[in-house]
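Chain IDs A, B, C and D follow the sequence of writing; residue 1 opens each chain.
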Amino acid sequence: MNEISLATLFFAAIFTNNILLTNFLGLCPHIAISRDLKSAMGIGAAVVFVTTLTSVLNHVIYYNVLIPFHLEHFRFIIFIIVIASFVQLVEMTIDRYFTRLYVVLGIFLPLITVNCAILGISLFMVIREYTFAQSLVYGAGSGIGWMLAITLVGSIREKIQKHPNLPRGLVGPGITLIITGLLSLAFMAFSGMIQIQ
Amino acid sequence: MPVLPSNKEIFKKGLWIENPVLRQVLGICSTLAVTNLVVNTLVMNAGLIFTLVMSSWTVSLLRNYTPDRIRMMVQMLVISSYVIIVDIFIKAYLPDISVALGPYVGLIITNCIVMGRCEAFARLNPPVPALLDGLGTSLGYSFVLLIIAVVRETLGFGTILGIQIMPDGFVKWTIMIMAPGAFFMLGIFIWIVRSFYPQIYEEKG
Amino acid sequence: MITSTLIFGILLISVITALLALFLETAHSYIADYGQVRININNDKDLEVNGGDPLLSTLIREKIFIPSACGGKGTCGYCKVRVLEGGGPLLPTESPYLSKEEIQQDKRISCQIKVKSDMKIAIPQELFNVREYRVLAERIEELTHFIKGIRLEILEPEDGISFVPGQYIQLQVPAYKLSSQPEFRAYSIASSARDHHFLDLVIARVDKGIVSTYVHDYLREKDELIARGPFGDFHLLESDRDILLIATGSGLAPMMSILHQIDYEHIQRKTTLFFGTRTPDELFYYDELRSLERRLKQFTFVPTLSRARSRDDWKGERGRVTELIETYIHDNAAVDVHICGSPPMVQSCVDLLIKKGIPADRIIFDKFE
Amino acid sequence: MKKGLYSVIYMFIVTLCFTSVVSGVRLLNEEKILTNIEARRQSVILDVLKIKVGAGAGPEEIVRVFAKNVKPLRLNEDTIYIGYDDDGLSVKGYAFSVTGPGFWGPISSMVGIDKEYSRIIGINFFDNVETPGLGARITEDWFQAQFTGLPLERKDGRGRFFTLKQAGTRKTLKELDAVTGATQTSEAVDKLLNKELNRFVQEVVPLIRKEI
């Protein structure tokens, strides 16, 4: 049905149709965690990991369980519960057996269970009728795009936050949103870059 | 000296003092995307109010029976069930808007406010305060997004609710319809409010 | 046909979620089982809990409610708790919400750290201890023409109340002529924190005030009331600097409790109390304070009157408490200041002290409306 | 383990209750939703055939007008909609749907052709998942209106029916303005429609002629 090549889809998900900058998904953790670069990268990596795996997992469930049994209208419930329990399980495992990884990455997992971006990716994947391979690539690409956006905002914010001329009302979320807006504007320039095959 | 909050105060708190968008900047994810048209925003807000009020109430009713470890799954189930109901009603009675909103209705599930209020308030409080907390919070949230939508539609399309209000020669600000416009608007709005009410929105720390 | 598919679908979904629940429960009991651990709170109370969950939700299960707005998602930073032992390394999800000072004070974001081993934590007494008490008005006495002192005996719970000197309770009065429903107001505790079964409150009459009018005009000895608390973070600042207490009117109440503390804890820091009223007959607790001054050589009591008349035969200070600060406190004095009273008085004292070079973190106050 | 079992049973029962309620609500509204979907599809066909429906007409009215003025015709794998004038006898035009890859996902459009198979009388891009504010602007009236009157002829029966050009540079009837900033979507539309129009003229038209 859908003939977009994997490479195009991958780059488009990162640049031209960045899940955060054009679809506004995953904004809460974005604003909360983008205070410094280090945390931004940690949560970004966690998002990449989760989006990739959950989009694949949900793809399998949707086409092998929900469609054959005509349960499409329950997909919201199933997708979100799968995401929630998957994230909880991964977090538990990392916490117990990979303590070092936990401090860098695992700790962010519970924060992103309800990250809109992750459910959003699963829903878009279904609406756009992606194949298995496309879902994998789209999940990974969107995750990387989200990570790119949050690390960029995080590093800009680290510098601008301490500037003495920053109006007090803008400190925190205000300036983050404006930086994000500028970045979103900048990313629009990518829209001519990718050629459809 | 503080006093324990009454029901009225719980409601007021959600509406303005602890306004989720302005104070904590939570939950803008799913709805910000549809703020380029007032009518879409109104429908999304109605959906959110319904979902938040009903889920707060339900989570609060179930609070003494839900095992802690699967709490998250139960809350997700409750919230997504209400969202599906909202989705069904929008599809049945507002078909045009349903097409415009697309997958964003489903994304009310992951709206951080819904989860946040269930976790932080509803699962610890009796049903009536939980319901009021949900109502206050969601109204406060809707109010802010509606203002953003009004500005975006006015500048972006020259209309409000589809009715032209700007003079004919008005050059439309296309940027307002697109994503950056939403980010700028919300950023500026928070800036204005925090400048006028620094005492409320002072960041603790 | 349609109904059977429907029922089958519903059952299938339920089975899937039940399986996921089973999956999680199994994982929990094998992977995240950290056994029984002990959490010590404020060096006082020990909790036996199951490890493996975040500190915030563990405490909530024990009915200790740390305020939080985002529900344990680590996006609001409200649920700060001091973790003295067993918190593990500082996590990157916490650092954005903690200042350098807070990190030094061992503050942590309680929804982010997990209970895996024995812990030692400190939380504000008010969160830990807030309870409802059934109290009896044991004695009511007229301290001045508009201030009453009431002594409450705690009937329930039997182990009484524990509070930090300087804290307040909320006193609830039943519905009566002025109010169709029970109302409560906050009053600082004047009695010693060592006394767990009696509370002394100082209640000034407020024009049309629902609770104060009730106390002044309707409350009789042996009446029962409801009280809740303790609340508030007004307390004696810990350092080796001198102590300055400034109070006007009923703001003297928490100072009395703090003076009791200085007495029974044998705190040897040089202590001065400025107490301002308008006329000599408003100086309540005067004799008690004078006798305390004689007994404790580190304590000086300086009352001042703003409207002393010539016939009052007043030999002490005259004027407002701010004038006392001007005379007694030299610039950059090494002193911790505690202020209680009307908001304008508190504000002008704070402004003046800051001007005199007293750092803001050495000034603590409680405004009485 | 007892606690674990309780969780599992609890989850099962709660899910059962909620999914039952959701299914009930869905069942009650299913017919209405299906009518809406049907009416939406039909209103697109009426739109490209320029058959007027009273302004603000509800789904029921659309279904009524459609039943009166339009007859579907199955030809192998295609379905063609034949639009009739209000008298119900003279043919007004033919409509057929074209679906193919856009940039982000499928783009679906309905194309209306006059009864001589010589011009496009209307086009409607009724479904797409392109970027709002960019690619999704192909649904705007100015873009769709450009196609009205486009002749279905090519030099020597080869080449394109039309080309999408950068906005403001169009010189002939066969050059249409593309959506600024949405290069991929425009190219996808260009490629898809040229291909499908060609197929229609070459393969479908003879079949219709044979049928009528």
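Everything that follows uses one rule, which is that contacts are C-beta pairs under 8 Å (C-beta built on N, C-alpha and C of every residue); 3 or more make two chains touch, one makes a residue touch a chain.
Owing to the predicted nature of the structure, the values given are computational and were not obtained by experimental measurement.
Common partners of chain B and chain C, by the touch rule above, are A, D.
Taking the mean of all protein Cα atoms as the centre, the chain whose own Cα mean lies nearest is B. Chain geometry summary: the mean Cα position of chain B and that of chain D are 33 Å apart.
One simple way to say how far apart two chains are is to compare their mean CA positions; for chain A and chain B this gives 21 Å.
With centres taken as mean Cα positions, chain C sits 43 Å from chain A.
The multi-chain contact residues of chain D, meaning those touching 2 or more other chains, are 3, 7, 10-11, 15, 18-19, 22, 26, 129, 134. Shared interface positions of chain C, i.e. residues touching 2 or more other chains, are given as 9, 13, 17, 20-21, 24-25, 28, 72-73, 75-76.
Residues of chain B in contact with at least two other chains: 26, 33, 69-70, 73, 77, 81, 84, 88, 102, 112, 115, 178-179. Arrangement of the chains shown, judged by which pairs touch: all-to-all, with no pair of chains left without contact.
Partner chain C is touched in their complex by these residues of chain D: 1, 3-4, 7-13, 15-16, 19-20, 23, 27. For chain C in complex with chain D, the residues that touch the partner chain are 6, 9-11, 13-15, 17-18, 20-22, 24-26, 28-29. Chain C contributes residues 17, 20-21, 24-25, 28, 53, 57, 60-61, 65, 68-73, 75-78, 97, 99, 102, 168, 170, 184-186, 228, 231-232, 366-369 to its touches with chain B in the complex. Every residue of chain D that touches chain A in the complex is listed here, in rising order: 15, 18-19, 22, 26, 101, 103-106, 129, 131, 134, 181-184, 187-188.
Against chain D, in their complex, chain B makes its touches with residues 33, 36, 62, 65-67, 69-70, 73-74, 77-78, 81, 84-85, 88-89, 91-93, 95, 99, 102, 174, 177-179.
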